[in-house]
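Chain nomenclature is as follows: A, B, C, D and E, assigned in order of appearance, with residue numbering initiated at 1 for each chain independently.
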């Protein structure tokens, strides 16, 4: 029974592929009088699989995007003691449909002196990495869209592509707010990419592979509960997870790291000149990027699709992903926006050294013996002490500067 | 089938395009970009040689490419920093203007 | 320790989030078409004409004081004449107020010696006709004294008391305008 | 060495001994300044556990080395062969080779580690009292832990590279500690001097290390399969090195450079007295247990290399002897209580190095160990006196301290006698061992020279120590603060270290005196572990393959007589008639210029100032001058050319008619063409490079 | 030659040509990004996945961004005074490029080994690359790490120069 639900989509996919191949054979018989050759059948099956995966990812995550916007508005509203959307559909659940219709029907405005081609291409290019990133995450048992042995680095490489798109959007609009926002976005994302990658390095070190499937497999146990192996329970994993969450928040340009959009300073940053569906694409890219980051966080630290066998594996993955998304929303509802210099100083002076030290602590963990329970406990305590010590030291340096006044480089 | 010669010719073509840019353009940034193009062409050539080599398990071409990419990144960082400084000094990034060794 | 403040902030927002579900008092939003706030008694929008009992029995005597006092001049009054004698009768034949011009200053209500014109509380007056749509004629302006009692009970009681007193003092049905102190219709009220 | 069938627990966990102080240092580095007790507790706890572990190691080693033969005659007790317990691990692999590090437990390590950790522990405890009022207490214990950890790491290392790393860490820690009161310019300068001077020696050491690695392919001292660097010493002795030395000799010489720097041997001894600028516990630690001992220990550790080259051993012996006598003469004329002790240390180190040079490795190590105890005692005693006398360091401003500080006096007295080599205290036995070894070195004046110098040194040592005791403890108090109420000036500096009660000296707290008492007991009785003849436990233990010397009554008698003579002379000069305040040093009248020469440290600093530093300055000037000269030549050439061209111009215009103008034009044109190639545009160069490369490639293919 | 190769070549060559010829510097940089993606595509095509991803991560994620920042910081969005197509400068450039290209062409054509086809089953494995990097290539690895550190410090120092002068 459990296996049935667990493998429901896998079986469904296999059945659909079989259906398409059978149909192809039928067509082939009608046209040429004989079934497809072995190679042709293989190609058709592979092609169908690719199409299925793409359609599933688009469909599921477009839906998730909608739900996430609804969730965000609802949660923010409740944090601020409001109702949030509650008109369209039950609990306002269909609000995103209404929004989508609104976006689609709005006028598409292009500034007169904009760089038309760049302005046009940017929204499309910004969405592509966000969607591609899902291709490297295993969503459930036997449910990895791709199984690269370079998946983690591929994820980050694809993510790096979105910076350029943001810049194109900002520059193509020919608006000083949008160029400011774009440069802020690029500077921020390139700065936080480093702690982001370094936060993932410990996991790669321990697993010894860049493949997300193997990383997830390394966190699994055979038990019913299946939570013991999650990396987040280790000191370095916990520290890495926190680092990853912070860097992912910055990487997806979300509050409190939303200075590229900074409504009160630069109106909406790089997408100030976009309206209608192009704006919707930016919006979508932001949310999809956030969810992909959440998915990677789940994969690297929260055991991927492993979880107590009360729910199917894919449900666990989605649940954990949504928990991270909720955390990001909660954070947005709590913290005010950072200043640019604080943001940069935090990336380079706090997160980067801490991430490097976390790698060192991981190496210590790696070399400590962990065969008996006592040894594991000792290893845990030593590593935790290292991480906490590093945190204390770095926090002392960070706090020392916290109250200092802003130093202007050129203005004063 | 694609032969090694195809890759090498393509790499040479790209190299030549880069060389053309490096000797022709006046703007220092474009000259640096052209040099990046030449780097990439060389990397492409190396990886192609690795792919077609009789001993691919040595991974020499791949290693060279990785180190090449690393060095090119360092070069780009320093080069562009220099361009910015030159701009601050000369208020121009024309390579033709940079003839004086005196700062 | 670094991060303490962040955690405290997160706790505050989480508390808001959870309590908003158990404590409806926290939610300040009024879901307008279904829910409305009860207006304070002294809130006002546009003027209306008060009648006692039936619409024929309106208080206005067409003295045109309000028309003359109205700063934006949005009131238009024509005195009704006896069809036989041609003499003016003490009631308006036409009484129009253009709501699109009215600035809700309450001067008309203050100067009216007969407590005939009062300020209404309606606010959903949207219409599609830009020019004539907001021109309310006598029929549209007439509202009963009961309605007046309904929207501002305190003021209406005072007005009624005053009117009945003046009726007792002056036996003729027509009160002298001079007998009534002008421009002091409503004593200021502080609470609703 | 027996096959590594059974290795005791301590031998495989030897790394714990240095690791614990390192950890304590690391943790207390993170602590805020206010966590004074915690950091001190951590440091003392760590060094305490290290001490226990060291004692374990010593016990295991004694069991291994001596017990199998218990019940036999003493003479038969020795195992007659060296043995080591090794643990090794791979640091990193590099291709097929790997760099291995390791730890070794042998008698040398065991004895040294015990002494170092024990003495360090006592000094740590003493520091609790001494540094009580310092606001950087936490930092002090951090550095102390680092220092002790580095030194212990060096002691247990089985690899020259690991040894070198710890050696440099010792250098860094000493830099930090000497310059602990870095706001004093003299302390900062002294720290810098110590660091730079020892680095001079380290250059040689590092070169030797690299050469050794090149020659043997390993830096392990000993390996289980007997291919360690030291085990190949005899093979290296057969290979040629430089200056007529064998390869082993060359490497040994280079390594000895490091030891010279670290152990304050002539000519690199100048930093050691200046290092007195640090807090007194630091001086004690540097002089007794850690830093200077490292140099001697280095030679002892790499002794097989030295043994393989008699020439180098000779050099070592003479340098040691010279240092011993030189420092002793300087010490007799110093005023500063700590400087006297510092030069005494240099002198005693000279003895040790001489002992090493004359082939008495066990004797030298014995002296090192004993010296560690009594020199720590003396320094801590001096610190106690300084502490008691309100930061006064000039012995002529002390006096009569005995009655105010009885515990300090009696422990100091024991230390003095031990250093002077009075029977039956520790110094007597160890110095006797060294002198016997020197006496037995060989015949002829050349080989007896170190012995003779050593004997004079014994006299001088006793003299200056007794001088110090007389000046400090006997007589009446000569300090300026003798009268209560005269404390207005000069007290700001003192505030950081202790309460500023003016007037008479006072006894130090128990936390300072208890270590003194313990050290005094050790200084008094440890010497019995090294009785001459067959009962020489230390000798059997440290170098079982060499038979100990027989009792040489001549040496004993000479040394004792000289020591007593020194004491007597000292008492005559300073003890019989105690000095009054402001009375000049009586030695001045007796020795005259010679005393000034000694007081001014033989003018070594001035010599270096005049030679090394001036050479650098002169070189700079010369280079500058050369530069100017060349400039002048260039300008002159230019002027000449201008003159010539002027003449030429006239000549051209007036003497030569226009028929030449055509050819001139051609030349000018060609010049312009070539000049165009050198237009400073980077892209034209690039063009040329591309074309040239293409042409070269064409030529290559067509050929 | 197959379709993928042709498409990738077109992308790459187009990107390269635009990058060196376009007047608008931002357009040039964006074309360069196209070129980088093309090269990465070739790396995937040649089964060198890791190099391909590194190419994207380093070039698209860092070098292109750096170039953009350089353009932005030098206020020099368009190179207006570039000489025209038939200027002497361009013709010389093309002549030199053609010379070098001819040499390379000659070299490639004269080598018999160039006509071989790709052997099957050649792929780069990340684990193998890592192992090689830590064993046979450890010296270049260390040297490159040193170089990167030096370049980082150098770039910062060079670009900070003005500020340090102010103090």
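Please note the rule applied: a contact is a pair of C-beta atoms (placed from the backbone, for glycine too) under 8 Å apart; a residue touches a chain by one contact, two chains touch by 3 or more.
Nothing here was measured: the structure is a model prediction, and the numbers come from that model.
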item	value
Set of chains adjacent to chain C and to chain D	A
Reaching chain E from chain D through chains that touch each other, fewest steps	1
Pair of chains joined by more contacts [C-beta pairs], A-C or B-D	A-C
Most centrally placed chain - per-chain CA mean versus overall CA mean	A
Chain whose Cα centroid lies at the greatest distance from that of chain D	C
Rounded Å distance between chain B and chain C, as computed from the means of their C-alpha atoms	81
Mean-CA-position distance for chain E and chain B (Å)	5
Centre-to-centre distance between chain E and chain C (centres being mean Cα positions), rounded to whole Å	78
Separation of chain A from chain B, taking each centre as the mean of its C-alpha atoms, in whole Å	33
In chain E, residues with contacts to at least two other chains	50, 54, 62, 69, 92-93, 96-97, 100
Chain B residues counted as touching two or more neighbouring chains	19, 23-24
Residues within chain D bordering two or more other chains	687, 690
Chain-to-chain touches, reported pairwise for every pair that qualifies	A-C, A-D, A-E, B-D, B-E, D-E
Interfacial residue positions of chain C with respect to chain A in the complex	1-3, 6, 9-10, 12-14, 16-17, 20-21, 26-29, 31
Partner chain E, residues of chain D touching it in the complex	93-95, 687, 690-691, 693-694, 697-698, 701
Of chain B, residues touching chain D in the complex	19, 22-24, 31, 95-96, 98-101
Chain E - residues contacting chain B, complex	1-2, 5, 9, 12-13, 16-17, 19-21, 25, 28-29, 32, 35-36, 39, 42-43, 46-48, 50-51, 54-55, 58-59, 62-63, 66-67, 69-71, 73-76, 79, 81-83, 89-90, 92-94, 96-98, 100-101, 104-105, 108-109, 113-119, 122, 124, 128-129, 132-133, 137, 140, 144, 147-148, 150-152, 154-156, 158-159, 161-162
Complex contacts: residues of chain E adjacent to chain A	26-27, 30, 33, 49-50, 53-54, 56-57, 60-62, 64-65, 68-69, 72, 125-127, 163
